[in-house]
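Would you mind keeping the following structure in view while I ask a few things?
To keep things simple, chains are lettered A, B and C as they appear, and every chain counts its residues starting from 1.
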Amino acid sequence: MKLTGDKIFKISATIIATSALAILLITGYTLAVGSVPVIQKFGLNFFFGQQWNPIEGKEVFNILPYVLGTLATSGIALLIGVPLSLGIAVFLVEMAPKSLSVPISYLVELLSAVPSVIYGLWGLFIFQFWMRDYIQIPLTKYLGWIPLFSSSQSSLNIFTAGAILAIMIIPTIASISKEVISAVPNSIREGAYSIGATKWEVIHRWVLSYGRSGIFGAIILGLGRAVGETMAVAMLIGNAIGPVAMPISLFQPGQTMASLIANGFLDTTRGSLASSTYIGVGLTLLFISLIINVGAHVVMTRVFKVKGGAVE
Amino acid sequence: MMTTSSIAKEENISQLKPLQQETICPTAKMQAINVDAWFGQKQILKTVSLTVKPNTVTAIIGPSGCGKSTFLRCFNRMHELVPNSKMTGKILLDGKNIYDRQMDPVQIRRRVGMVFQKPNPFPTMNIYDNVAAGLRLTGAKKDTNLDDIVKRSLEQATLWDEVKDDLKKPGTSISGGQQQRLCIARAIALQPEVILMDEPCSALDPIATAKIEKLVIELKQDYAVVIVTHNMQQASRVSDYTAFMYLGELVEFDETSKIFENPKNKLTEKYITGEFG
Amino acid sequence: MINSYGFRKFKNRFFFIICAMCVVIAVVPLASILFEVVTRGAPQLSLTFLTATASRGGIGPAIQGTLILIGLTSLIGVPLGVLSGIYLSEFGNNKYAQSVRAINNILTQFPSIIVGITAYGIIVITLRSFSAIAGVVALAFIMIPIITRTTEESLKLIPNSIREASLALGAHKWRTTLSVVLPSAKSGLATGVLLAVARIAGETAPLILTIAGSRYFFQGLNKQMAALPLEIWKNSLQSSPTLQAQGWGAALVLILVVLSINIAVRLVSRSRMKT
């Protein structure tokens, strides 16, 4: 076979394009190998136990509190962030005049450009006190007898971390929902208006219902971002460790998988069981994040193949 | 064949227009008085006036771009939904200006129904819900006679026999002609007083078109119908009155037979004889 | 239940206000972040602050480290990303390319901390030390998928007629791609590269596990290194107000870099769309 310039070009481009696959495989392999020691040692308890003891000779590393902590903060983020994002998307597409919607969507996108560590810094010095004064103190005062709202003294807690995540996932969910809503055919809106629907009824009963699978995809992508977000959460969640990190109350310090790695990794010795533990946490996070992102990818490709027009 | 622009140069249409209507016609169901409309800077309608009598079919014809669809959409305040649109003048419904401050477009649209150029049944709803959607907005529930109204509307739209076993199927699952009749049923369900139709057959095949035309004639027993069409045969088949529009102006408006057999205006004559369009 | 007209109108108003408030709630944090970073960071700025080491109250090593990271990562990430993008755009009509595209899309959404662990696993453990090169590898893993995607998207915008015109002149496909298609897409490519640079400049989590921070200027690719985001993180956890203030100063420098890239890109691409 003769190698022409075109063939070399195609072959080299193909090989290099494999880098995406390579990154994924290297990541999976490295994490799997690295977490073998800790999983061998604790078995299923690694995932389902709550204990944590770094003292040499008595080491126990179980990660259930951090898996649950990740679910709790992401859940809070979605509960707060999804309605806000949808409100923004609806406002930008259906309500605001173009002269207003262009600069606003630009501002919302800027939210996603701010580095996570700066959210963390702002959270440490400003946002946590907003949360404490306007949410934590009133809620615990009146509803403190419910375990969910019982309070520790600190405003570095699961709720603060979830709230900052909510802000951080707004650009993701809002911008995709915006495109989904813009892609709803105008003939549907006209039909609804023609039978005497108010603007809100058109949005609520027709537009959002038509775009629901796309919006669902946007929410899953937002969830993916919330699950993997590290720095801001690590700085604001209160860095609890062991059984006390089990998320029982909104206003107690907690820990997510990602924040655990960021907060604890530097203190471990290379090759120790502890360092294998962090890699095992990473592997678990990889798994969860893969499931979420593959799900989002499947939903989004289906939505935009069926309805035409490209997002993402 | 002459081009439209040369026609426009040859005839000064403003001079040939009938006198502008200022007086209110007491027998009219709807009456447009000196309607101007714009998209941004572009003027689409220039002082158009028209009377719609009850229990008649009024056709609006004219070459594409003459503003006939825009004019129609002024009758149920759909025009104002387009960004940067503007409209002046009056449109009366039973003698009351629908553009008055205290009139609400949402309620106007329930009294003046609309059928669009492309059938647009709601894709997320089944056939039954498509018809019931308008009634549900005001809180109608199963226990009211919703079933009866849906049935009656579908019957009146001559669709009942074809879909009575498939009421739970999506509104978009039926053929184009059936979809358009579903949209008519959807408008009828609200028991409007006027039905506006914006080239309702332009996306349909001849058989489906014939069914809709037959339906339009039946509908005038209960409603006043205004139909925009670029098909002159259709206008002559279904309508009692015909308005001819050109470049945003109403050139001639009269009984359909007079327009087609004995047009007063040269431009109208040229259009209906197919010299341009 | 009758849904009275007054109630429907009230709901209409109500949700308009709610949606507008959602916008306000989202913009307030942005405004507050910018305000605080500027007002707390600006007093720090001085030549010493920007160039000196920590012992003299500066963030010079962090700025240097971030510039080194950006430079070296781009050296690896840009060519690999652009070539992958070329593959997906110009040869991407097959099953294999589709799966590469899907994996690439998923990688762009990946938690960056995982990439940090990977770089730790393959470089830090092998070299037995935190090192600048591990940071470069981690950031390259983040950058490559982003550039691949933006490259593919901007190449796909180039009309086929341009490719055909060149092929019709007898040019080979590789020539056509490199000297006709790529140059026509250069502003799209530049946009993608800049946004990727802005993204990796702010990445913090992977750096904790790779370069690990340093008090000194660059000492070698196999040594620990400082970087702006790490500096912000470490200073924010200090109790000393002086160090905290230095953290805000570093945050101002970082946000100026990141946001000015974003704003510039947006302005350029908007004026491009207008013409």
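Keep this in mind: a residue touches a chain if its C-beta (ideal position, glycine included) is under 8 Å from a C-beta of that chain, and two chains touch if they have at least 3 such contacts.
Just so it is clear, the structure is predicted and the values come from calculations on it, not from any experiment.
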Closest chain to the centre of mass proxy, which here is the mean CA position: A
Chain of greatest Cα-centre distance to subunit B: C
More contacts between chains, A-C or A-B: A-C
Separation of mean Cα positions, subunit B and subunit A [Å, integer]: 50
Cα-centroid distance, subunit A relative to subunit C, in whole angstrom: 17
Contacts with 2+ other chains: residues of subunit C: 8-9
In subunit A, residues with contacts to at least two other chains: 198, 201
Touching two or more other chains - residues of subunit B: 106-107, 137
Subunit C residues touching subunit A - in the complex, by the definition given at the top: 8-9, 11-12, 14-16, 18-23, 25-27, 29-30, 32-33, 36-37, 40, 80, 83-84, 86-88, 90-91, 96-97, 99-100, 102-107, 109-118, 120-122, 124-125, 128, 141, 144-145, 148, 172-175, 177, 198, 201-205, 208-209, 212, 229, 232-233, 236-237, 244, 247-248, 251, 254-255, 258-259, 262-263, 266
Subunit B - residues contacting subunit A, complex: 76, 78, 81, 83, 106-107, 109-110, 113-114, 116, 118, 120-124, 133-134, 137, 183, 186-187, 190
Contact footprint of subunit C on subunit A as seen in their complex: 4-6, 8-10, 12-14, 16-21, 23-24, 26-27, 30-31, 33-34, 83-88, 90-92, 95, 104, 106-111, 113-122, 124-127, 167, 170, 174, 198-201, 203-204, 221, 224-225, 227-231, 234-235, 258, 261-262, 265-266, 270-271, 278-279, 282, 285-286, 289-290, 293-294, 296-297, 301, 312
Residue ranges of subunit A in contact with subunit B within the complex: 97-98, 185, 187-198, 201, 205-206, 209-210
